[in-house]
Every structure is written in C-alpha cells, then in structure tokens.
Amino acid sequence: MSTGTAAPALQIDTLSCARGDRVLFRDLSFAIAGGELLHLKGRNGSGKTTLLRALAGLLLPESGEIRWQGENIRALREEYARHLLYLGHLNGIKGDLTAVENLRIAAVLDGFELDETRAWAVLDEIGLRGHEDLPTKHLSQGQKRRVALARLLANRASIWILDEPFTALDVAAVQLLQDVIHRHVADGGMAIVTTHQEVAMIGAHTRTIELGRRHV
Amino acid sequence: MFKPLFWVIRRDLTIAMRRRSDVFTTLIFFVIVVSLFPLGIGPEPNTLRQIAPGIVWVGALLASMLALEQIFSADHRDGTLEQMLLTPQPVSVLVVGKVLAHWLVSGVPLVVMAPILGLQYDLSVDVQLILVASLLLGTPALSLIGAIGAALTLGLRSGGVLLALLVLPLYIPVLIFGAGAVEATASGLGGQAHLSMLAAILVGSMVLAPLATAAALRVAED
Amino acid sequence: MSSRLINWFKFSSPASFYPLARKISVVSTVIAVVLIVIGLYMSFFVAPTDYKQGEGYRIIFVHVPASWMSMFIYVVMAGWAALGLVFNTRLSAMMAQALAPTGAMFAFISLWTGSFWGKPMWGTWWVWDARITSELILLFLYLGYMALRAAIDDPRRGDRASGILLLVGVVNVPIIYYSVKWWNTLHQGSTIKMNNQTTMDETMLITMLIMTLGFWAYAIAVAMARVRTVILERERSSTWVRGLTAAEI
C-alpha cells in the first residue's frame, strides 16, 4: 500500500479498453490525487464513457490495472465502492418513486442514513423545491437530472465520476453543479468529469486529458 | 447487511404497489393455462384428478418464469441496476432482496390461487394442503434459479424465449419434487420425503443462486 | 499475476496456441480414425452375439461411449469456463465454445442410437427411462449454452455469461440426474428397466473402451480444429492474424 501525501490515490496503469473489435484506447496511464479535478475530453466514440465505467469498476478492461491506494479495484470491490460516486448517462432513479424516496434508498445502499428532513433540504438546495413528493416520472428531463445530482450533496464519497453531468441542465443548474464540484475538490476530494459542451471546468487543480488523439 | 436488504424489498414492493396491474397479468396467465388443460383432455374427473398436480405445477412454473423476465429489466433501463452494482453492499444480498420482493408479488399470489384451481380438478383437502405447501417451498426456489437466467439474458434480443431455454431444464428437479409431493399424497404414499427434498433445493438455491445472479449482473452491465 | 504463473500460461495466449492446436488436431485425427475403425470392426465382427438381445445390441458400442462423452464434455466445458472466469483468459472460453457442438452431437447420437436400440428391444422408440430422460435434459443444457452464446454480440460478454451458465449447469446436472432417477423409480410400472448388462463379455468391454478412446480423440481433433476458426474470427483485427501466411491458416 502506498502512503504519504504525494502518492496518488487513484492510479491508472497501462489501461486498454475495447468495445467489440475496436480498441478504444491503449496503454493509458495517469494518476489522480485528492484535491484534483480531471477533465476528460475527446470526440464522440473516443472512449470517454468506457474509461469512466472502467474507473467505476463496472467494466472489465482488456488489460492494465486500476489501483486505489495501491490495490487493484477488482480485488477491493465493495471496499472501493464505498469511496465512489458514479453518475452515468442514465439517472439511476426510479420513475415510480418520489425524489425523496429515490434519494433515501440510494443513501441506504451507499451505506449511510439520510433522514426525511435532510433529504428535503438537499432537494431544496439543488432547486427542486415543491417537487420533492412527486413520482419522478412526472418531472422534466432537467429536473430528473437534478434528482440524480442531489446525491452529490448528500453523499460523502471521495471519488466522483461524472459522465456528462451537465446535459439537460439549465444555466442556473450548470452554475450550481460547477460550484458543487469545485467545493468537493477544494475539500480534498477528487472528481473525474467528461463534458463535450464548453463548460468552464477550469479551476486551480484542473487537469485535462484528451482521448482519441493517437488512435484513429 | 439486513438494512439494505430490507430497503430493497421495501423499494420493490412500493413500486409494485404503484403499478398493480402487472401483478395480475401473471396470475391471470396462471389461471388460463391451468384451465386450458381440461378443454384439451376432456372433462373426465378421474383423469383430471390424476393429472392435476402436474398441471398446476407446470402452470405455476411457466407463470413464474414469465414474470421473472421483468425482474431486472426496468432497473437495467433506468440505470438503478448499475448503481446497485456500485454500492458497498454485496450484490448477492441485493439480489436476494429483489428476488424476495419479486416472489412476494408474483409467487405468493400463485400459491394462494392454486387451491382454487385445485377445486376445478376435484382435489381433496389434504391433497390441497400439500399442493400449497409444495408451492410455498418450490416457487421461491423457482424465482431464485430463474433470476440467474433473467440476469444472463438481460438486455438481449429474444430475451424471453432464450430465458425459457436456459431456465426450464434447471426447473426440472423442482417440478419433479413439487408435483411428486402432491401426487404421492393423493396416492396415499405421503409427500414428506418430497417436501424435504424441495426444502433442500430451496436452501441450496438460496445460498448459490444469488452469487451466480450477482456475477451475471456484473457481466450484463459490463 | 505472479511471474511464476506466466510460463504456465504461455499457451493460454491464442497466438501461441493457434499453431499448437493444429498439431494436436492432426495427431488426434489420425488416432481417432485408427481407433474408430478398429472399434467398429470389433463391434461388428469380433464381439460375440448377445444370447438375449441378438445382433441388435451391437449399437451399444456407439451408444454407451457417446453417452459418456456427452456427459464428460459438459464437465470439461465447465472446467474451461471456470478457468476463464477466474483468470480472465480468452482461450479458455474459446475452448468451451469449441467443445459445445461436439458435446451436443454426442448427446444427440446417444439419444438417437438409444432410440434405435429401444425399438427392437422394447417395441417403442422412446421410453421415459431415467438415463434417457437425463440425456435429453443434457442436450437441452447444451442447446441453451449455444443459444446464449449466439445471442450475445459482444464476444467477451458472451464468454463470461455463457461461462456462468455452464457453472450453474454443472452444479445442477447431478441434482437433475438424481431427481429424474427418483421420479423414475416412483413410476416404475410405466417404464422398462434397461440396465441388463451385468454379464458383459471381456471382448465387449475392450471394444467399448476402444470406441470410447476413439471418440475421445475425435472430440479433441474437432474441438481443436474449431477453436482455430474461433481464434481466427475473434482475433481477426490483431497483428498476428494479419501476419499469418496462407499456408499457416
């Protein structure tokens, strides 16, 4: 196990991923430490989502390793998941449940308790006042996205993996989300974010990786 | 471990209650299938009494299998399934919760309905009791085993037919001991041994099936 | 993975296994032809006529080895699947995939010959005997595996999903067999017992052994030939496949 402040918490070592026949990227290596924001760029089909899913542990890479504090995340499994919050293209909320119910069940599965009042407060903060008690299938796309993003405010995970978090959001929500991400990073967390719109993700500790340059 | 389990069950039951019509589809299918046999075979009471255990059991088995197709697909579509794979909870525990909730919603109604259908076949009271007991032990095992198939075929074209092809051979022991228990009771041999075997299968599948299902779900979300 | 294992896994890479598979395939083909020719000759001309069943019994020299092979191959496939799932080796899953049609074929031959045997013996093409029924279910398991494989486009997902199915199947096979046997003994009246081979002549035994070994060699030969095509298809975009000359393919 690597120790010390200089050691990167999440290390990607010669990672290669393929989809079917096509190799998306080969021998990708980088590392992220606490307090860093990684902005992942690349054109459509360059493997951004695949990389994020591999980082989350959903996808088995073709070769290479992803290590969290020196150990392969495949071996860590649930232990790694404890530190992780992943938001993919799908919101991961049930249309038949209300926003509050969705948030509370997600919290229990993530291993902590979220009481009713706190859930309401979080939804209020993300801008869903007055919609907390509706089945989420009646909400608009942007509102559903906000329900999913509310987990960022309630959760205490240190690694955030966000795949296109700004889609379907209005200007105010984009601003809010940027603030939330920067606050998380300033508190020592790490975030890996993909966007293809020009959202200003530039902060003091932002790094950018562009996929799909070398492989055509 | 029990808290997330409890919450998953509660979540799925809440959703099921909010879309009640889905529950009845399975039940109606069961009733129709079981009612078709006398029409195909003829109304002779002795024949019907003899084949009743097999028919009710096959009907329950098919109904259970059809209902299982849906167990993970909605969660797969809206992304809650991938979130479940990313929680610190063991996936197999969450699978147990989902299967249990699914059984409460789609399996228990079959068990309750069975004696009413048994009346159509002129079964005696003690035979009816064994029928209910065998279904009570057997249908959860069917759900547990079927969940593996549902996870393996998740998101595939022709998932339903494929699910049947994968799962039905694995259902055979449950069918043999389930229908056998009822039949043995009807012929005066007593169904105890059969019921013990069913219980053993239930325990075995409770231990092993969630592990296989969890592994299959991870593959499906890859 | 520790460095000690690397050597051991050398042939788990499709590229290095590909030429080896060809050699194994050629050798096994020769062995299979020789053994099966000898075996068939002995079955028809050397083995004595059964005093109870007459000449018709000779079909068991195909039937019994085919049944054995069908069961054995399923277990081997499950073994490969387990290896593939644990070590994430691509070749293991390809081996399981290559074996499946042969196993299914043996299960089918077993049922078919059993049926041909049954007709003169019992006057019916099909009896719900425990072993025949189990063999039928085994055939279903093979078909299920192949159908699942075929339904999944992504080869890696296909490997892993069908591997899990094989492991589930292999755990269930004894349970299924046991339950079918139980069911069969309870319904004894309606079926005919078929295990009457208690007094088997030594020549018969040797013949059956030769046939079994011949089937073995055949299974290996066919599986190796098939795994070569699977490797080629799966690795078609890799540099080593593109570098193959016509002679090597």
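By written order: A, B and C. Residues from 1 in each chain.
Throughout what follows, a residue touches a chain if its C-beta (ideal position, glycine included) is under 8 Å from a C-beta of that chain, and two chains touch if they have at least 3 such contacts.
The structure presented is a predicted model; accordingly, all values stated were derived computationally and were not measured.
Q: Indicate, using Cα centroids, the chain positioned nearest the centre of all protein chains shown.
A: B
Q: Need the most distant chain from chain B, centre defined as the mean of C-alpha atoms.
A: With centres defined by C-alpha atoms, farthest from chain B sits A.
Q: Using the average of all C-alpha atoms in each chain as its centre, how far is it in Å between chain A and chain C?
A: 47
Q: Express in whole angstrom the distance between the two chain centres, defined as the mean CA positions of chain B and chain C.
A: 32
Q: Chain A to chain B: how many Å between their CA centres?
A: 37
Q: Among all residues of chain A, which ones touch two or more of the remaining chains?
A: 60
Q: Hey, what residues on chain B touch two or more of the other chains?
A: Correct list: 222.
Q: So which bits of chain C are touching at least two other chains?
A: 156
Q: In their complex, what parts of chain B are in touch with chain A?
A: By the definition above, chain B touches chain A via 3-4, 7-8, 11, 14-15, 18-19, 77-80, 82-90, 94, 218, 221-222.
Q: Of all residues in chain A, which touch chain C in the complex?
A: 19-22, 60
Q: Which residues of chain C touch chain A in the complex?
A: Touch residues, chain C against chain A: 88, 153-156, 236-237.
Q: Please output the residues of chain A touching chain B within their complex, sorted ascending.
A: Contact set of chain A toward chain B: 56-60, 78-79, 81-82, 84, 86, 88-97, 101, 105-106, 108-111, 135.
Q: Which bits of chain C are touching chain B when the two form their complex?
A: So the residues of chain C touching chain B come out as 85, 137, 140-141, 143-144, 147-148, 151-152, 156-157, 160-161, 164-165, 167-169, 171-172, 175-176, 178-180, 182-183, 186.
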